[in-house]
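What follows is a set of structures for review.
Heads up, the next two complexes both have chain A, just with different partners, chain B and then chain C.
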Partner chain A sequence: MREVAIVAFAQSDHRPDTADVSEVELLLPVLRRVLDDVGLTTGGIGFTCSGSSDYLAGRAFSFTMALDGVGAWPPISESHVEMDGAWALYEAWTKLLTEEADTALVYSCGKSSPGNLREVLTRQLDPYYLAPLWPDSVSLAALQAQALIDAGETDEHALAGVAARARTAAEDNPHAQLAGSAEPARLLDAPYLVRPLRRHDCPPIGDGAAAVVLAAGDTARRLCRRPAWIRGLDHRVEPHALGVRDLTRSPSTRLAAERAGAFDSPVDTAELHAPFTSQEVILRRALRLGEDVRVSPSGGAQAANPMMAAGLIRLGEAAAAIHRGGSDRALAHATSGPCLQQNLVAVLEGDPQ
Partner chain B sequence: MTPASSSEALRAPLVVEFPFTRSLGPVQSAFLTGLRERTVLGVRTTDGRVLVPPVEYDPVTADELRDLVQVAPTGTVTTWAWNPSPSRGQPLATPFAWVLVRLDGAGTALLHALDAPGPRAVHTGMRVRIRWASARTGAITDIACFEPDPDQPAATGEPAPHSGEFTDPVRGIVAPARLDYTYAPGRAQTRFLAALAGRRTVGERCPSCRKVYVPPRGACPTCGVATAEQVEVGPHGTVTTFCIVNIKAKNLDIEVPYVYAHIALDGAGLALHGRIAGIPYDQVRMGLRVAPVWTEDGRYPDHYRPTGEPDADYDTYKELL
Partner chain C sequence: MSKEPVAVVGIGQTQHTAARRDVSLAGLVREAALRALADAELTWADIDAVVIGKAPDFFEGVMMPELYLADALGAVGKPLLRVHTAGSVGGSTALVAANQVAARIHRTVLTLAFEKQSESNAMWGLSLPVPFQQPLLAGAGGFFAPHVRAYMRRTGAPAGTGALVAYKDRRNALRNPYAHLHEHGLTLEQVRSSPMLWDPIRYSETCPSSDGACAMVLTDRAGAARAPRPPAWMHGGAMRSEPTLFAGKDFVSPRAGRDCAADVYRQAGITDPRRQIDAVEMYVPFSWYEPMWLENLGFAAEGEGWKLVESGATELDGELPVNPSGGVLSTNPIGASGMIRFAEAALQVRGEAGEHQVEAAYTALGHAYGGGSQFFSMWVVGAAPPAG
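Showing the complex of A and B:
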C-alpha cells in the first residue's frame, strides 16, 4: 500500500471569542503557515477537504465562505465533511491511498462564540427521542461521568487530577485557550456545573482553526525532513441511543484502534480528544495506554476545544511531535458527538532517527 | 447592526427558528402514539432483548425489529446528573436530574428528567415512575418527567406482547427548534458595511492578482490570500446581467415585476447584486449604466437607477459576466 504522511501542521491561537474576524479571516493565516511550511501554494495541492458545522455558524453552507481561503477558482478538487476535520483528513487519506492525488490540504474551522454551544449541540442528537428534551452537551457528559464513578473507575478527586495535569501541560502550548491549574484538591472547592462535573471537568468553549498537509511517498520525503507516516487510520461509531450503550466503555475506540494497528507495538505519545475529564479515563482504558505513554502533552481538548477542529488538532499535534523528533510512534484520537459517540484513531510513525 | 463596545467589528442578533417536521416509521409511530395513551412500548430483538425506547433496526445485528411489547411505567435509574440551571426547552424549569431509566421489562434505558428536591434525593438504582404530561400529543415530551417512587418494587416477568395498534396513530412529529446567535461579519465586511453607511462603496484589492472584490470577504478566492488594500469603487456601474422577478417575496414591500441585476461598479473586479428601479422593467438591458440610490436613513443602497449615460460597450464588461 502507498505510504501517506502528515508533513505539516498549523493551528490558530484558540480564543473564547473571535467576533473581530470572519471564519475565512480566522483560517487564512493558518492556511498560509501550513502551506509556507512545505513551500506549496493552494494551486499546487492535489485535493482539499474541510470540516465544519453549519449549526455553529447558524448559516447554511457556511463552509463555502471559508473556501475563499484556499483559492477555489479556477476549480479545485474539493470536499467537505459536516464534522470535525479529523474525518476530513480520513477522506483525504483515502484519496491519496487510491493515488487520485499526491498531496492534500485538510483544514477545519469552528467558531462556537456566535451561539450557545451547549444548546447548539443538542441539534446533533436523535430528533425523535432526545433533541425535543434539549439535553445539553455538559449534561450528557455528566451522565457518563456519574456512570463511571458508580462503576468505581474514578472519583471526583481523580477527575480533578486529570484536569490539573492537562492544563499544567498546556503551559507549554502557546495556542491553548486555558493553561495552568490549581491543585486538584483546591479544584474541588468549585461548585458543580452539572453534577458530578465542575467547570474544570469541562472543556473551554472557544473558536479556532487548524490545517494539515498530507503527502504520499517521495513527495512527503521531499516536503518534510521527518514525515509522520500514517500507519493506520480507522473510525467507528456507537449505537446512537445512549441508553443502549455501556457509557463507561468505548468499544468503538477500541475497535478503531485495533484496526489502525495501535496495539501492534507500543506508542510513546497519545493525543486524545477527551473534552471532558471522565472521557480521558475511558479512552486511556479503551486504548490500553500505560503510565509510560505521554498523554496529550499539548494539554489536549481540556485546554482548547475549538469545535470541528479539536480532533484534527490531535492528529496535527501527534504529527508535529514526530516532525520534531520528540516521538517515534504516536497515537491520535478524535471524537465527535455526545459521550464519545464516534471515534477515530490514527497511528503515526517517524523514520528511525 | 451595531458596533461592538470592545472592537470595531459589527455584531447583530441572528435567530434561526424552524419547525422540524419528521415522519415516523411503524415502531416509532406505535411508541409515540402509545405515550399519548399512557402506554410504554418496547421492541424485542431477535436475541430476546427489549429496547426502550424502541428502534426499527437492531443497533447490534441490524435486524429489522417489529415485535412490540408493553413495559411498565416504573423503572430504575441507571445513571444521573444534577442540572442546577435548566435552559429553555428542557423538561422542567426548576433544577432537576437528568436520568437514564431502565423501565421494568426493558433491557435498555431511556433518557429523561427526574423531578427531585435536590441531588441528595437522587442515586443510581433508585426507583422512579413516569409522570405523564396533562396534554399529550404523541411525542417524547408526553412523559412530563419521572418522579421518585421508592416503594414500588421492580415488576418481574416478561413484558406482554402488544399489537402496536391504536386508533388515530401519530404518523409524524413537529420538533420546533430555535437557536440564538450573534452574527459578526468580520473585518472585511465590517469595513464594507461601515463605508456603505457613509454612502461609499469600498472594495478590497488582492495583492496577488490585483482584482478588486466588492463586497470583500477578506480573501481572494482565486489566489487564496488575504485582501487588505481598500479601494473605493463606483458610484456608477454597468448592468452585466439581470432577471425579471415575478414572485412576490414574503415580508418584502416591492411590487412585482421588478428587475434584479448584477452590477459591475466602475473599478470593481466583479459584479454585485442589486435591484434596478426608476425605469420600466422591460427596458432594463445589459450595458445599462446605473448608480445607487439611498433612502433617507438607509445604511445601504435601496436600489440602483439609470444615470442617463450611453450604454457601456460589451467589451468593457464581458470579463465580469
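Showing the complex of A and C:
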C-alpha cells in the first residue's frame, strides 16, 4: 500500500462565540497557515475534501460557501462529507491510495454558537421514535455515564479526575477554549448539570476550524521534516438505537483499532475524541491504553469541542506530536453520533529519530 | 501498483414518486439496497463498507441521517461514510465508493443515495435567506433561468429547443418502470403551452420533486468474475468544483464541467466523445440544460448544442441518445438523481436497461452537477474491463 502521511496541521483558536466572523472567515486563516506550512497553494493540491454540517450552519448547502475560503479557482478536484473532518481525511486518504493525487487538503469547521447545540443535536436522532422526544446530547451522555457507574467501572470522583487532567493539559494548548482546573475534589462541589454529569464532565460548546495536508511518499518527505505516516485508518458504526447497545462498551472503536493495526505494537500517545469524561473511560478500555500512554495531551475534546472539527483536530494533534518529535507512534480517534455511535481510529508513525 | 479495476455488479432503484407514504426513510433506502443486492446475487454479509449520499439534511429534517440509517443500510460493524456535494452528490457518492475499491481498501462496497422530498418542500429548502450572500432565488429554477436566457442570447437558439428536450425525456420515461412521471399521451404542443414558471422555463420543462433511492454494488476484478450478470466497468471518474459566485464565472459553460469531462475522457481514453460514447445520462433538471451540457461536455461545438437537439440525435434511437431513462426531468429525488444517472449509464452498458435500452451501448457517460453549477461529478463506464 502506498505510504501517505499528515504533513501539516493548523487550527483556529476555539471560542464560545464567533458572531464576528463567518465560516469562511473562520476557515481562511487556518487554510492559509496550513498551506504556508508546506509551501503549497491551492493550485498545487491534488485533492480537497471537507467535513461540516448544514444543521449547525442553519442553512442548506452551507459548505458551498465555505469552499470559497479555499479560493477554488481554477476548478479543483474536491469533495465533502457531511461528517466530522476526520472522515473527510479518510476520503482524502483513499484518494491518495488510488494514486490519482499526491497531496490533499482536508479541512472542517463548525459554529455551534448560532443555535442551541443541545437542541440541534436532537435532530440527529431517529426521526420517528426518538427525535420527537427531544432528548438532548448531554442527557444521552448522562445515560451512558450512569450505565458506566452502575457497572462499577468508574465513579464521579474518577470522572472529575479525568476532567482535571484534560483541562490542566490544555494549559499548554494555546488554541484550547478551556484550560486549567480546580482539584477533582473541588469540582465535585458543583451542582449536577444532568445527573450524574456536572459541567466539568461535559465539553465546552464552541466554534472552530481545522485543516491538515496529506501527502504521499517522497512528496511527504519533501514537504515535512518528519511526516506522520498513516499506518492504518479504519472506522466503524454501531446501531443507532441506544436500547440495543451496551453503552459501557465501544465495540466499533475496538474493531476500528484492530483494523488500523493499533494493537500490533504499543503507542506512546493517544488523542481521543471523548467530549464527555465518561467516554474517555470507555475509549481507554476499548483501545487498551495503558497508564504509560499520554492521553490527549492537547486537552482533547474536553478542552475544545468544535463540532465537525474536533475529530480532525485529534488527527492533527497526534500528527503534530510526531512532527515535533514528541511521539513516535500515536493513535488518533474521532467519534460521531450519540453516545459514541461511530468511531474512527488512525495509527500514525514517525520515521526513527 | 496500478489501481484495482472497479465493476458495477448490482443496481437497484425504488419506485420513484411524489410521495412514498408507504415507507419510512429506512424503508426507502432498504428497497433500493435490497434490489441492488438481489441484482448482484449477494447478501448484506458480502458488503465490506457502505457509502451513502443525499442532498441537504433540511429536505427531510434529519441531521446526518446516516447515523439513524446505519441499521437499515446493513452498515452496523462496518465503515459508513456520508457524502454531500449538493446536486452532484449521487455521482460523487458513487465515485467515493469506487475509490475504496480502486484503492484496495475494500473489495465490495454498497453505495446508495436517496431523497424523500415529500418530507419537506425542496424549493423553499433551497431558498433560505442568508446574510451577505445571494440566496438561490425562489428555488433552483429562479437561479438557473437567467443562465438559460444567457445561453439563448449567446447561441441564437430558438425558443422551442427546451420543449423538444422535455418532450423527448418524458416520452423516454414511459419506457422506464421506475420513473416518477409517466405522462401518457403527452404532446409537444402541451409542453410548449404549459405555464411559464421562470421565463423561459415552462412547467413541463421542469423536474418533479420525487421520493426515491438508488443503490449500486461496486466490486473488484474477483468480485466481477463471480457476478451473475454482465458487470459495467468503470473507465474513468472525476469531480471538479468551482465557486458558486465570482466575477469570472461562465454560468453557461462552467469551466469545472469542462475540466471534469476532460479528466474523465483522458482516463477512459476518449478523444472524440460524440463518436466514442454510445449513451449519455446527463443531469438535466431544466430542459435547456441538455443543449448547454452537450457543449460543456464536448459533444457539440460551442453554440451548436441546440442544433444537435433539433437534429434528433439525442433521441432514444438517435446517434447520441441522451437520458434514455427519462432523466432528471422525469425523476428527481435530488440526492439520488446523480447516482441514478451513473446507475442508468451502467445499466446501458450491461445491456440491462430493458425497454429503454440503447442498442449496442458499449460505452456510456454518467453526469451530475450541483450547487449553482458549482460541483461536477462524472464517470464513464464500459461493457469491457479497462485495458491493463
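Everything that follows uses one rule, which is that the second predicted complex is superposed on the first by the 353 of 353 C-alpha atoms of A that agree within 3 Å, B and C clash if a C-alpha of one lies under 4 Å from a C-alpha of the other, contacts with A are read in each partner's own complex, and residues count from 1 in each chain.
Assume a contact is a pair of C-beta atoms (placed from the backbone, for glycine too) under 8 Å apart; a residue touches a chain by one contact, two chains touch by 3 or more.
The model shown is predicted, which means the values in this text are computed figures rather than measured ones.
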{"item": "Touched partner set for A:115, first chain B, second chain C, both or neither", "value": "first"}
{"item": "First, second, both or neither for A:195, with chain B first and chain C second", "value": "first"}
{"item": "First (chain B), second (chain C), both or neither touched by A:314", "value": "neither"}
{"item": "Which of chain B and chain C A:25 touches, first, second, both or neither", "value": "first"}
{"item": "Contacts of A:68 with chain B and chain C, given as first, second, both or neither", "value": "both"}
{"item": "Which of chain B and chain C A:241 touches, first, second, both or neither", "value": "both"}
{"item": "Touched partner set for A:90, first chain B, second chain C, both or neither", "value": "second"}
{"item": "Partner chain in contact with A:231 - chain B first, chain C second, else both or neither", "value": "neither"}
{"item": "Contacts of A:336 with chain B and chain C, given as first, second, both or neither", "value": "second"}
{"item": "Footprint overlap on chain A, where chain B in one structure and chain C in the other make contact", "value": "22, 55, 58, 65, 67-68, 72-74, 120, 123, 127-128, 131, 239-241"}
{"item": "In the complex, chain C residues that touch chain A", "value": "1-3, 24-25, 55-71, 75-86, 92, 95-96, 99-100, 102-105, 125-126, 128, 130, 132-133, 238-244, 246, 248, 254-256, 259-260, 263, 371-372, 374-376"}
{"item": "Touch list for chain B against partner chain A, complex", "value": "4, 7-9, 11, 14, 16, 20, 22, 24, 28, 32, 51-53, 55, 59-60, 78-84, 87-91, 98, 100, 102, 108-113, 119, 124, 139-141, 173, 175, 177, 179-189, 217-226"}
{"item": "Complex interface listing, chain A residues touching chain B", "value": "19-25, 28-29, 31-32, 41-42, 55, 57-58, 65, 67-74, 113-116, 118-120, 123, 127-136, 139-140, 142-147, 150, 192, 194-197, 239-244, 247"}
{"item": "Complex contact set, residues of chain A against chain C", "value": "1-2, 22, 48, 53-55, 58-61, 63-65, 67-68, 72-83, 87, 90-91, 94-95, 97-100, 120-121, 123-128, 131, 234-241, 251-252, 255, 336-338, 341-342"}
